[in-house]
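Once you've had a glance at the structure underneath, I'll fire off some questions.
Labels A, B and C are assigned to the chains in the order they are written; within every chain, residues are numbered from 1.
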Amino acid sequence: MSDAVVSLRGVRKVFGAGSDATNALEKIDLEIPKGAFVSLIGPSGCGKSTLLRLIGDLTQPTAGTIEVNGKSAHRARLDRDYGVVFQSPVLFDWRTVERNVELPLEMSPIGKAARVERARAMLALVELTGFERRYPWQLSGGMQQRVAIARALSFEPAILLMDEPFGALDEMTRERLNIELLRIWQQTGTTIVFVTHSIPEAVFLSTRVVVMSARPGRILDVIGVDLSQPRNDLTREDERYFGFITRVREKLRGRDVGRPSAVEVAAS
Amino acid sequence: MSVRLRYYAPAVGVFLIVLVLWEVTVRALNIQQFLLPRPSAIAAAFAEHFDELMTVGRNTLVEAVGGLAIGGSAALLVAFATARWTTASRALLPFAVAANSIPIIAFAPIMNNWFGILNPLSKMMVVAVLVFFPIMINTLRGLTLVDPASLELMRSYAASERAVFVKVRVPNALPYFFTAVKISATLSLIGAIVAEYFGGAQSVLGQFIITEAAFFRFANAWAAIVVASAVSIAFFLIIVAAERVALPWHRANGGG
Amino acid sequence: MSRAARSVASFLVVIGLVATIWEVVKLLGGEATEGWTPPFQWRIANDLNMPHIWDIAASFAEPAQRNGPPLGLVLADAAVFTLREAFGGFVFGAILGLALAIVFVHSLLLERALVPYVVASQTVPIIAIAPVVVIWLQAGWLSVAVISAYLTFFPVTIAGIRGLRSADPRALELMRSYAASPFDVLRKVRLPAAAPYLFAALKVAATASVVGAIIGELPSGIRDGLGGAILNFNQYYVSGPPKLWAAIIVAAVVGFGFFTVVRVAEALLLRGRMRTSET
């Protein structure tokens, strides 16, 4: 698969040493094609967040290689190839919304005028125009996450890494933000790697769902989700949507279920 | 607006009640002027010695502000310098906390010897040492106790150490810094007055109080005490105002 | 190395560092001795203003006054004297502070009415109040303890209010569901919640009580304590500079010592609980 934007081979991650060592991830081989929306799902402690951080060079593998955009993960981070969104928005409370979005741009060569314009454009993308001068505490949780997304996209990275970004929000806000995220994905064409706890969310958002086992984390399966785009509330009522959810759930429980009749995208 | 009125009403009420009771009780029971001159007597003394009180008050305030400036700058320098080396700051913090437990006021005679008893600098140095530790400790805390998620975020931007320092650590430290300065504002004035006790120029608040008390002119002494207290509170409120300006976002968190 | 051993070690290192810097400064700008002329001449570094470390150390063994007991003994007596006053102030201040905090937490009206004055009380220079207290209570242990308590009660009150209020609202709701009396709530929920805050304040109060005791002795004309010693050796500074420094070192030890005792008590009593910030 030559248009893989992220490729992991033989990756292992061990924390600690000697008798305290924890095997977080074992034998990870994964390819993520350009423009895909890939979810990582698995039981607590399966290492999905660790896997995300390995891709983002926020931690280093004990063994194996990680290639991003044809370079090492480390190089990719230095080249600002990714944006990251964490579970909590991590906005700086001393900065206004627009200054928060400008943060990564301040450390790149673009000039002040271009920076302000880009920030405004990003806020428009997440539909928060008019909130530029507010402070984070004045925004709801969902809005703060949208600011975090705007910030992550502000320097137009090739890849967006998201670690349970909607985990702390209520169900309705979550569903709304899911649709917004898909819209942003289609508009920008960014490759997204998304960690989540929620099976319906994973199926709804992704083109591929990576199912992981409990610790030590291994990839059990990569399930292609070929529901039609653009996805919306109607998708949530599609029978095939439920079918995929069941497949993912059963896989997590270690069982295989009969596949729906549609075309299968083979795991790599 | 009425919410704020209701908030302050009890305190104001107490003030007025105490004032009235004080005046009445002292007159009625003819209590010795020693301990408790009547509020009206204090007010009269204040009016009568207004000019002198303003002069001595100003001189003492100069010592306090000067000392705060010296001590504060030194504290900031040390805090900034040590923040970069985590091992150094982790070793330094407990020691600074311990050093803060030394009665600084004991150094007043030494400062008089070093800088000249008549030189206001000798009093400023006592104040400087007094405020150095709270400001340094709090600023260092603010610079180092940063949300790890913010640091991870900056790492994802491959930000330089300097960028992290300027964009994250310093703004994070501002509330801590202001807390320390507010404490130091009051400390500085008290420190100056106590330091004056160990001798020095005569036209300062501390000496005025002691002289007047020595001559049993307690109404004058209390008038000076009121001035000292008022200046201290004013100083504190100025810092609070400065904080509101510098940290427009902080009020929301219930801080300040 | 255990944590305690490491603390002691780093403490000694810093003391050694201070002593070294002291002598280096004197080496560079102090007085000339046979065989060495310093490159600079700083008034601050001369033998009068900065006695040699070994001279200060030696002065502990020499008599404070002609034919009197050694300085070390005199200062030790003074230290104990002052410490007794400080301890009294500490206890009074802590009790008063906690009592006020309990009252304020249970009565919003009283809190709003009185807390501003509690805060304002600390802006009144203690040295000005001290003569009044001395006249009222006669110079002696009690008057100094009261002056010391004046500085001590404030941090305890403020920390007490915060600590008592910091109790988990759900725990309070639980107690209400048991129809518990306010006293029970206080004893079982609020006070344990307040403990970390109170200990942090007690550490500050320990220092404040020593400072208050020293300051309290000054206008009282009390000569037996450290305040008196400092005044005395200051007055006769020229005749024996190291003595004043020795007195200051002893005062520092007393302040720091009391602080450490409270810190150890905190570690013992709050064993196993979540640590609050590093103080």
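What we mean here is this: contacts are C-beta pairs under 8 Å (C-beta built on N, C-alpha and C of every residue); 3 or more make two chains touch, one makes a residue touch a chain.
Keep in mind the model is a prediction, meaning the values are calculated, not measured.
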| item | value |
| --- | --- |
| Between the pairs A-B and B-C, the one where more C-beta pairs touch | B-C |
| Chain at maximum distance from chain B, centres defined as averaged CA atoms | A |
| Chain nearest the overall Cα centroid | B |
| Centroid spacing, where centroids are CA-atom means, of chain A and chain C in whole angstrom | 55 |
| Inter-centroid spacing, chain B versus chain A (mean Cα positions, whole Å) | 50 |
| Between chain C and chain B, distance of the C-alpha-averaged centres to the nearest whole Å | 18 |
| Residues of chain B touching chain C in the complex | 7-11, 13-15, 34-35, 91, 93-95, 97-98, 100-107, 109-110, 112-114, 141, 145, 186, 189-190, 193-194, 197-198, 205-206, 209-210, 213, 221, 224-225, 228-229, 232-233, 236 |
| Of all residues in chain B, those that touch chain A in their complex | 147, 149-150, 152-153, 155-160, 163, 167-168, 171-172, 174, 247-250, 252-253 |
| Interfacial residue positions of chain A with respect to chain B in the complex | 56, 58, 77-78, 80, 82-84, 86, 88, 90, 92-95, 103-104, 106-107, 135, 137-138 |
| Residues of chain C touching chain B in the complex | 7, 10-11, 14, 43-44, 48-49, 109-110, 112-117, 120, 122-129, 131-132, 135-136, 203, 206-207, 210-211, 214-215, 218-219, 226, 230-231, 233-234, 237, 244-245, 247-248, 251-252, 254-256, 258-260, 277-279 |
